[in-house]
């Protein structure tokens, strides 16, 4: 019933999933992103976290760190929530839904990282949280400007050549996604990678990468 | 021995999936994109299972010479 | 289809061998035979293997499967003329594989590798700039459209020269022994691959071989156009040898210098895009 | 309208610039949290400028996301600064709080039931809060949670009646109204008790 007006960016549309007026679509591109997110969410669900080994510098001694299992459970929960938010974001056919899912990715990312009792990691998580919160300004702002200038949020409408989306809205959207997920500037996230729970920490990167890839598609197509 | 057997089974099955997908796609029985997805899924399994099969020990291992 | 995948795998491994040979000859060493990497992979696959006790077992194994899977998928995208944005996505996913390799084992060396991989994320920026610049010219990101464009307008190598440099840099930063290969530097043992030995390393070599083939082939397709297979292979070999020369004569950069260089190149391309946009608009 | 929108946009952008500049200058982490919250309001202002019914509907999710982000960051701040202190004893002792709660709560809850729906729930909740505030809330937690859960199920069930058996709409309205009354009441009576007590 729907046909994507633009097929030369992410391939043609495969099928559409409707929940009332919330419409998600799977093109070749978004379906691939969806599959990637699904794989890593499944990994976060099934795999047990690693035990981190530390070496004592200046000697041969090494020891594994003790980690509170309750924190790991919380981290797993957050990672799964993050995966679900990513799944929503990569197939959403609506700019505002997309921004909502992206900011949910931001929240869960903070949650994943915050479950670690280390001053440096918590500090990094705090700074990251501030940036993620600030990023909602351009993110929602971008969506709002799109709505105000074009009168629609549906990607089918926005992808047509007749609808011109102002450049500032596009820039805002990209800035917002960059702030929420830090992709591709993970250098700001280097400290975060110290936290334990590889399958869950991985989810932080996967989600931010995938939403970044999605916003690139949206912005180029618009 | 049992692990060697199961690794061989997995390798054979995934290998057959890869080859069959390619052949069927070439004849035209299978959509090309479906064959591609099948191969992408089966090929990594095939590589690892094959390696697991030929690196698995054959039953009783040698007792290494441990000196006098 | 599968035959092409296996062909790509062996050519990729052969390319890795040639890469080592060229580096050795430039540095005045005899070097290993060019099929060394094929033997290497086979040797690893025959070795006894286990999973470290501290590792996150599922992730430890799954990451290897993902590494092979994504690059096989990338090869098929190239063959079917799919979207280069998807190729870009797979390249970014490769980054996740690098994180996963390093973090899943719990080894401190692996973790250092993973953190360095986070830092060197700037290596994706040049690729992003490449995608942007190509879209600027062709108004399509489908590989088939890009090839068609080049048949009409001549190779993009000339029109979009900065993008070619950026992609060249991208391929360079993922090669072994490259000045940007900080994630597998020897001062952190083998970086993120430290704990992946035996079969897992063989699997990784398979994935990386396909990766090298895909990246070189993508370069040829995007910037020069569709060529007969033999000509394309020859061109890929030429590009590889030029990359090997760079690897042979340049020392490994420090992590922060890596980021600086990659960011500068991206900035230069961004300026190029803006200038073009202003002139044409 | 158009001019108003552009003018509003300019004002909001000025606000954003000021907010971000203030954040750059600020060094105290607690103040930075507050400033970010202020900056986030500007995102809502941007949506509000659209000034349609749709924009009104979009503000609510935006607000929810903003608040939950604020909560998350504040939790990180608490963990970072080690600010968790055990709750202290009730701060005040007033004689009337021993004698009045029963009858007051009864009157409020009864009135709330007569009102029914959201408002009724709120009124009844005030009664319940008053009761628990005065008498303590040691045992009731599990019961309230359970009641709230069942009320939610009834509420959802009523929606299924709307969708599947529209002929019975009046029946469904009554169920939904009663259930939302109980649910709002149960949830609101938990206000202020989350951090105290031993069963949290």
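Chains here go by letter, A, B, C and D, matching the order in which they are written, and residues are numbered from 1 within each.
The definition used in the following text is that a residue touches a chain if its C-beta (ideal position, glycine included) is under 8 Å from a C-beta of that chain, and two chains touch if they have at least 3 such contacts.
Fair warning: this is a prediction, and the values are worked out from it, not measured in the lab.
Visitor: Could you put a whole-Å number on the gap between the CA centroids of chain B and chain C?
Guide: 26
Visitor: When the centre of a chain is set as the mean of its C-alpha atoms, what distance in Å lies between chain A and chain D?
Guide: 27
Visitor: Taking the mean of the C-alpha atoms as each chain's centre, how many Å separate chain A from chain B?
Guide: Centre-to-centre distance between chain A and chain B: 34 Å.
Visitor: Could you state the distance in Å from the CA-based centre of chain C to that of chain D?
Guide: 50
Visitor: Tell me, which residues of chain C touch at least two other chains?
Guide: Each of 66, 73 in chain C touches at least two other chains.
Visitor: When you check chain B against every other chain, which residues touch at least two of them?
Guide: Counting only residues that touch two or more other chains, chain B contributes none.
Visitor: Using the contact definition from the top, classify how the chains connect: line, ring, star, complete or other.
Guide: line
Visitor: How do the chains pair up in terms of touching? List each pair.
Guide: Here the touching chain pairs work out to A-C, A-D, B-C.
Visitor: Provide the residue numbers of chain A that touch chain D in the complex, in ascending order.
Guide: Contact set of chain A toward chain D: 96, 100, 103-104, 106-107, 110-111, 114, 117, 119, 122-123, 125-126, 129-130, 132-134, 136-137, 139-141, 143-145, 147-148, 153.
Visitor: Which of the residues in chain C end up touching chain A in this complex?
Guide: Contacts found on chain C: 53-60, 62, 66, 73, 82-83, 85-86, 88-89, 92-93, 95-96, 99-100, 103-108, 111, 114-115, 118-119, 121-122, 124-125, 128, 131, 135, 139-142, 145, 259.
Visitor: Can you tell me which positions in chain D touch chain A when the two form their complex?
Guide: 5, 9, 12, 16, 20, 23, 29, 32-33, 36-37, 39-40, 42-44, 46-47, 49-50, 52, 54-55, 58, 61-62, 65-66, 68-70, 72-73, 75-77, 79-80
Visitor: Going by the contact rule at the top, pick out the chain A residues touching chain C in the complex.
Guide: For this pair, the touching residues of chain A are 8-11, 28-29, 32-33, 36, 39-40, 43, 46-55, 62, 64, 183-187, 189-190, 193-194, 198-199, 201-202, 205-206, 209-210, 212-213, 216-217, 220.
Visitor: Give every residue of chain B touching chain C within the complex, in rising order.
Guide: 18-19, 21-22, 25-26, 32-33, 35-36, 39-41, 43-45, 47-48, 50-52, 54-55, 57
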